Every structure is written in structure tokens, then in C-alpha cells.
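The following pair of complexes shares a single chain, chain A, combined with chain B in the former and chain C in the latter.
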Partner chain A sequence: MTDKKTKYQEVAYYPGCALEGSGHAYNRSTKALGKKLGLKLKEVDNWNCCGAMEVKNIDPKIQTYLSSRVMSIAANQMGMDTVMAPCNGCYHNLKRAEYDLSNDEDSVAVTERLSSKSGHEAYKAGQVETIHALDWIKDAIGEEELAERVKNSLKGMRIANYYGCMYTRPRHIFPEKDQGPDSESTSKPHFMDDLLAAAGAENVEFPLKTACCGGAHTLSDSDTSTRLVLNIIRAAEAAGAEVIATECPTCHGGLELHQIRAESVLGIKTNIKVIYFTQLLGMALGLKPKQVGLHENVSDSFGFVKEKGLA
Partner chain B sequence: MPIHEKSLIRPENLHVQEEKEVDGVDVSGHWSTFIETRVVNDYNEALEDEIGALPGGDYIHRCWQCGSCTNACTVHALNPDFNPRYWIYLIRMGMESELLRDKDIIWQCVSCHKCTHVCPRDVVPEGVMKATAHWLELKGHTPKSPSTVFDDIFSEQVIKTGKIEDGRVIMQFFKRTGQKFPPPWMVDMVKSLLRNLPIGLLTKMGMATLVAPKTSGWSKSRDAIEEYVAELEGRNREALGLDELVKAAENEIGPGSGPQEART
Partner chain C sequence: MRTLDAIGQRLDELSRAPSSPTLPGEYLALGEEVLEHWVIARDMTPTDDEREGFRLLALHRQGAEKLPSFNACRETCRELAFHYNLLTTQPDHPDAAQRSTMMGLVANHLYLFVRGKMEVEELGDFCCASRPIREKVDAKQTRQ
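So, the complex of A and B:
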């Protein structure tokens, strides 16, 4: 535990493409939260896309190469031992590349070939540890310290924590999960619950924590995505939640977009707010809504956070 | 229908007679149902190898038909006809014509990885779904699905510049699929977003749509990946015998009318 605490004080930061575009609120709030907590982020130099959910459908090995390049720069050019990726897609792909490069010779061969032709050192399994923004806050700060620093408690805020697909599945690419009470669980993840509870929030019993929002087909099969998102929103509302806390730009964007689509296409209106956990924690620590990018969310939760005494 | 034996009965082979009497006993409806016998003889013995040769399909041979994937599947819960275990069975048995009956829904896999998470044999059923959808497109059984069009646009942009910008990908997607852009619900979404955004940020986001973000010095990686993709596509065509198919078609109906726009 303490090893990680020291190790995660300064990490290589891999925001990924979504955080420079539609997920900018997550980028802004992650950085602001880190700064507020005194943690250092060194952005990976000249990073590239990890391959997201699309490139693997051409060939998973190209995706492995793309993700490995990010880790190679962090390790070989920046001398970092930890890469923190807040986006579930990036986090998943880097973990997946780590797994493939430790277990599959063909992936190693393709990565070595593409790396040498690209003129950089090939990444070797084990050079860095990839973590999620949740691991970062949980291990570098922890619930106790977080609770001490809270200025505006989230007391009375009922939250459904939504983790999505890529943070826990498939289990074999996350060897550190399911390793006892201190570790994250792949069936019932709780890191976000723990952190928000430390900030005073009331987490509801939410059965669809790891359900799929249909993010891969947000546009190519919108009807399916809208149905899946409605399932999630309705389950959260039924559980008594006022907010769905998110930790992935694709999930977050999908929930917001299909909440609106459900209203304009199906005439089904839902009221739940969709807010990144980094935004919630940031505001609990005293940051202003704009400092955590609340204005960059598609859905409008200004009135709500004011009502809760956070603004 | 999830039980494959039952779904192998084609509706047209199920016969029911209303008002049927045999020896003075009324055997109408349910009692006179019979199934026309049918011999399956159109096996494609190469099917498993072909799909297994495409990226993602590598481990299809490991499947022992436990059904965990279908049981866990997100899309199956919405549509019981979406059945990964059953399709893997058909592919391994070489029952191509049965598989083709579901050809228009296989691409709908949302890559939630629930199947891969629960599969006790490390088949990576999610990958098999992608490989199967590509096989259908490569063989000309289905047009490119919207999902493949999206993958193509996205991957082209990543390979070319190293990064993507979501606005550009979205606009390209609507253009290539011939849909009106933006759809009304997206207008609602943008309106909602505009409510709170300061003008400076908007300009920045607008610029990103015009000027693609780039990873600098990417050209060598681009060339290396493009070269690799060209080889990969050659291997895929070979594994599926596409060039021979085109030749055979040309011999029969004259050149120039082979399968249009294969995924190359």
C-alpha cells in the first residue's frame, strides 16, 4: 500500500483522444483534482491514439502496437514507471497490450517490427504499470486523507456508480484485481464508491455497475445504444439515485447523448444527472464547478450542484 | 430461439393441419404437427478455418459449447436470436447456410467483453463475432455494416495522423453512410451543450474539427502500419480464397463483374 502511495505521487499522464475532444471535462477535472491533492502528472510526450474500440476490429495486433508506443515513450523516453489513463478505453487497451506482450509471441513480433520501422524502442512487458484514475486517487491519497480534505461534503447526494465494460472485463487482463479486500473487484467494483463515500456521498445499491452502455455502437446502431442507456438510467433512478457518477468519457458521453436521444426520439424523459467522479471529488474539495469543467458536460447540472451546496 | 435444435427447424418445414380427423378422432392443430425431414448436405468444411484465419477468430476451435457467452451477452438480452454460442457451433460444424440466416444481426455485437470475461476456454467470443462479421462482408454476403464503416473511418484517421478527433470521425461517418447530418437528436444535444459553454472553448473545439490533431513525426509509423495492413489484407483474401472466387466468377460471367468492394 505505502509503496504505491509513494509511486503514484508522480505518474505519466495519458489523456487520450477523447479527453481532448468530447471528454474534455474529464481531462480538466482530472488535472484540477490532481493539482488540488498535490499529485504530479507528467503528460506522455507526443502520444498517439491507443486504438480505442475500432482499430482492433481491423487487427488486434495493430492496437497492441499503438498502445505499446505510449508505454514505450513513458518508459524509455521519460523514465516513468507508472502510466495513468483516466479513459476506460485507453486504460483497457494498455492493459490488454501488456497482457498480449507477456503472453503472445506474434503480438511481440508485430510490435517489435512496427516499433523498429517507426524508429523507437519497442515496449517490453513489465516496463510500466498502467493504472486508472481511480487507482491513482485511491492509492496515492486514500479514503482517510481524502475525507480529511473535504470542504463541501457530498452529504445527502445519492449516487449510482457506473463503471462500464472496459474497466473490469475481461478479467485476465487485470491480474491485480480480485486479489482480496484491498483490491478492486471485477464483478462488483467499488473504488469509485469508496472515494465518493469518503467525500460524504450516499451510494445507492446499483445493480448495473458494469452493464454495457452500447458505446461501441453509439452512432452505428443508435437504437440499441439508446435502449441500453435507458436500462442503466432507469435502474439508477429505481435505486433512488440522483446522479450517475462516471469514470470514462465514452460511457459518460453515451449516457448524456442517449438520455437526450431517448427524449427526442422516444419521448422518454429522465432526470438523472451524469457527472464524472473527478468533478464530484473536485467540488467536494472546494473547486468551483467551472474549474472541474461542469460547463463542458453536455447535460446541465449547475442547478443541481448549487442545490447541493457545491457552488 | 436459443435452443439450437429447435432453431434448426425452419418455419416452412413445420406443418400443422387444422381440422384433421383420423379414425373419428380430432387431431387438429398441435396433435397433427409434423416436421418435414431435411438432410443437411451443404456443409462448408472450410468455414471454421476461414473465420479462424481472420483477426479475432484465432481461438474458435477451443469452444466446448458451454453457453456461458450467450448467457452473459448484452445483445442476447435484447434479442434472443443474437446467440454467439450457437453461431460458433454452426461455424465449427460448417453449416454455412444456417449461419447466413442470421447474417444481418451478427455485426451488432457491442464489444462489452462479457462473453470473453466468462468463457472458460479463452475462445474470445467477442473476437469471433468480429471475425464472423468481416467474413460475411468479405464474402459478399452482407454489405459493410455501419459499424465496419465507423471502424474504417476511425482506423484510417489513426493510421494517418496518430490521433483522432471525434467530431471529424462523426461527420465522416454520416457522410459515408449517406445519412443526413446532423440528425435532429444531435441538434438537441448540441443545443444542450451550448447552454453553458464559453465562446473561447467553442472556437477551440470548432478548430479541432477543421485542423486534425496529429502526433508529430508519425509518418514512419504510418508507413509501417500501412505496409502491415496491406500484408494482412493479402493474407485475409488468401485465407478466404477470394481471388479464386473472383476468377471463377469472371470465367462464368466475363471479367469486371466480380464481388464489388471487398474489404481491402
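So, the complex of A and C:
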């Protein structure tokens, strides 16, 4: 077994706030998929918000501290060396905190001061490795083993894989990416494509896989978000996809909600299904739609998965 | 230079137009124009330089100067350039019409992203946001 394969068999799990609420289907399907594959998740004790986008706008160093606290608990209280965050926002913020604590003395000083005030050991850069759910499945299981375990092939399902804009940006906080064909690419990410192809899916050429979905505009300018999402959906449909596979609760929620809003506000109906990659893989491995939380999605894709022989 | 509204209207018209050999060039030019708006709104002069053979990519780089979040449209710009290359080097390819549709959607995404970002950053002169608010804030800070 490779180092990563061994290391990722048991990881600290940081679901983040969205997976407790609007993205609960992602939480459920991530846990169910891990269990099905024999991988262990140990949820970070008493975890807190990573700072999301809001705190960063007020004081980036507070955000660094908030993210560092999650990593500190995983390392210093739970003895874990890997934190897995399925949400792009959480993943991005933990990686950014890691970068800042490796490169910025002021961030280290603020984190040490706030950690001491909060009564826990300060996180030190390098204590844990933060990974995404895609890294977890890709490295702990891999395509070959995944393909062997598929019970309901996704054969004939045409998928546009949508990674969103925070999974790969900014490049400097992801030093492990762009390190050759086996690593993830920041310009053309492919881990989700690889995993779903291993389960039998047909991935379409999709030029907007890392384009902005307007998540940050949702509250201040919903129309812009709706138009951005509609454009992504149209591009996926033009590419011949029946499904947009997602790996972030914010992107997923945005796609689902603005797909509905596009119909009600702009009168434009689209038919593509929006499903988490963990739900698709889970069903391919034989889990029932409810076990992967399909009923918790906003959009209804039960008929579609039944038609595809996954239910 | 056309207004952003006019660019949006033109993109909308082109999305209904039949595929033609002039479309890739027009989509690319519209993408450049969108980025010119962004660069000008940040009080810079749009560059005439090229990167990897494209002014579009040089304009994007200029627009992202000291503003890493603008890199959220980096791949969109690169996809626009890629589709331009596909369509101009293989105009008779069986997928040419499909590629042309896709290039239009990519160009539209760049337009929507930049337009939205200008409002969020309070740049530009449209809507209820924008430059007037920013100038007011600047003036207040100067007085302080």
C-alpha cells in the first residue's frame, strides 16, 4: 500500500456548518460511502466554523485562527494527522490557514494569542494534512479498487463534473497539486472525473468545470447568481450531460436553487440533475438512494436514478 | 467601447445566430472588451500586450494584479482562447457548431462574472452600486 493509502484509511472528519444544514445530503452520503468502502471517519470534537467567507472580509487573521483551531483539535487532542473536509469552502480555508501559519509571522502570533485565550494548544504548521473528500476516495481506494466494487454501473450516464472555483484556487495554497499526472490539476481538475469514470460514467467535455457559480453574490445580487448558474447548466446540457456532479455544498445548493429560480424568474426550464459525487458513487456501490440522502436534495432525481437502474 | 449592457445584448444575439466563420473572432473580441471594462474600472489602461498569443490572457493577468480573486475567471479566459483555437484551426470539424455554441456560453460566463464582480467591488457606473459609492467612501477617508 502507498503511504497515502495507508494514511487515509482513518482520517479526522471536518464536516463544517453547511453539511449540518443545507448540505446534509453530502454529509450523509460521505459517511455512507466511507462506511461502504471500509474507511473510518473520526469527526473533529467540538469543531467550529472555518470562518467561511464572512470572517475573511472583516479580519483574515481571525479566520486563520478559526481554521487553525479545527486542525489543533484534530492534531493535539485527537492525535490525528489528516483532516478531511468535503466542503470546498472549509477545505480552502484550512489550506489557507496552513499556508499563512507557514509563511506569516503575524498570523502565527495572532493564532498563538487567541489559542491561549481560548485555552487550547496553538496549531503549528505541518501538524496535519488537510485533504478534500475527492483526495480521500482517490488515494485511499483508487479507481481500480473502486471499479472492482461497483455493483450498479453508472454506464450510460453522461456527467459534467463541476468543481467550483475554491477547490483549486489560489494555486499557492495547494502545493501538492500540479505535481504530475497522478496529482490533481488546478487548471483542469480531474479527480471527480476519474472516480466517476471508474464507476462506469461517461464524462463529457465541460469547459466551465471551475467557473464561478455566483455563490458570493447569492444574497446581494441573486439575479447575477441565477444567470451564472443558468449559464453553467446550459453549457453542461450543450455538452450532452444529464447530470452535473458536485463536490461542494455551496456550489450544489446554488445550482439546485438557481435552477429553480431561473424557471420562476426568467421562465427558463432546464432538466439536468444535480447530484453529489458521493451520492453517485454510493449508489454505484449498491447503496439505496435514501442511504445517500437523495431525498435531502432540493431537486428531485429519484425518477432519473430509477431509470438508470440505481434504485 | 460598448457598454457592458450592449456587450450582453450582443452575446445574446449571437447565441441565436447560426454558426459562422466570423463568430470565434467576435466572441474573443467581446471577451477582451469585457476585460477592458474591468481594467479601466480599476483605473488602469488596458494593455495591448499578448500572453501565449492572446491579448485576452494579458488583459486577464492585468485585471488580476493585486486581486487574486479575479483569478476565478482565469480558466474561463483560457477556455475562451482554447475554443478560439479549436474553431479557427478546425473550422470544418463535425463538432464545429457545438464548439461554437460552447464558446458563446464561455464568453457569456466571462461577461456575467465580470459584471457581477464590478457590482460587488463597487466599480463601474451601472446599477445602484458602483463608482459613486466608492468615490463617496474615498472622499470620506481623505477628509479623515
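Here, the second predicted complex is superposed on the first by the 310 of 311 C-alpha atoms of A that agree within 3 Å, B and C clash if a C-alpha of one lies under 4 Å from a C-alpha of the other, contacts with A are read in each partner's own complex, and residues count from 1 in each chain.
By definition in this document, a contact is a pair of C-beta atoms (placed from the backbone, for glycine too) under 8 Å apart; a residue touches a chain by one contact, two chains touch by 3 or more.
Values in this document were obtained by computation on a predicted structure and should not be read as measured data.
In this superposed model built on chain A, chain B and chain C take up the same space, so to speak, and clash.
When the two structures are aligned on the shared chain, A:Asp221 is found in touch with chain B and with chain C. In the superposition on chain A, A:Asn57 makes contact with chain B only, not with chain C.
When the two complexes are overlaid on their common chain A, residue A:Ala211 makes contact with chain B and with chain C alike. In the superposed pair of complexes, A:Cys165 makes contact with chain B and with chain C alike. When both complexes are overlaid on chain A, the residue A:Glu20 reaches chain B alone and has no touch with chain C. When the two structures are aligned on the shared chain, A:Leu114 is found in touch with chain B, with no touch to chain C.
When both complexes are overlaid on chain A, the residue A:Asp178 reaches neither chain B nor chain C. Once chain A of one complex is fitted onto chain A of the other, the partner contacts of A:Ile232 are limited to chain C, with no touch recorded for chain B.
Of the two partners chain B and chain C, more chain A residues are in touch with B. Of the two partner chains, neither chain B nor chain C is touched by A:Glu145. Residues 165, 169-170, 211-212, 214, 216-217, 220-221, 224-225, 227-228 of chain A touch chain B in one complex and chain C in the other. Interface of chain A with chain C (complex): residues 165, 169-170, 187-188, 207-212, 214, 216-217, 220-221, 224-225, 227-228, 231-232, 234-235, 238-239. Residue ranges of chain A in contact with chain B, taken from their complex: 17-18, 20-22, 24, 46-49, 51-62, 65-66, 69, 110, 113-114, 117-119, 165-166, 168-172, 186, 211-212, 214-217, 219-221, 224-225, 227-228, 256-257, 260-261, 263-265, 294-300, 302.
Residues 68, 71-73, 75-76, 78-79, 82-83, 98, 101-102, 105-106, 108-109, 112-113, 115-116, 119-120 of chain C are the ones touching chain A in the complex. Considering their complex, residues 55-56, 74-75, 78, 108, 110-114, 116-117, 122, 127, 130, 134, 145-152, 154-155, 158-159, 162-167, 170, 173, 184-185, 188-189, 192-193, 195-198, 201, 205, 208, 213, 215-218, 220-221, 223-225, 227-229, 232 of chain B touch chain A.
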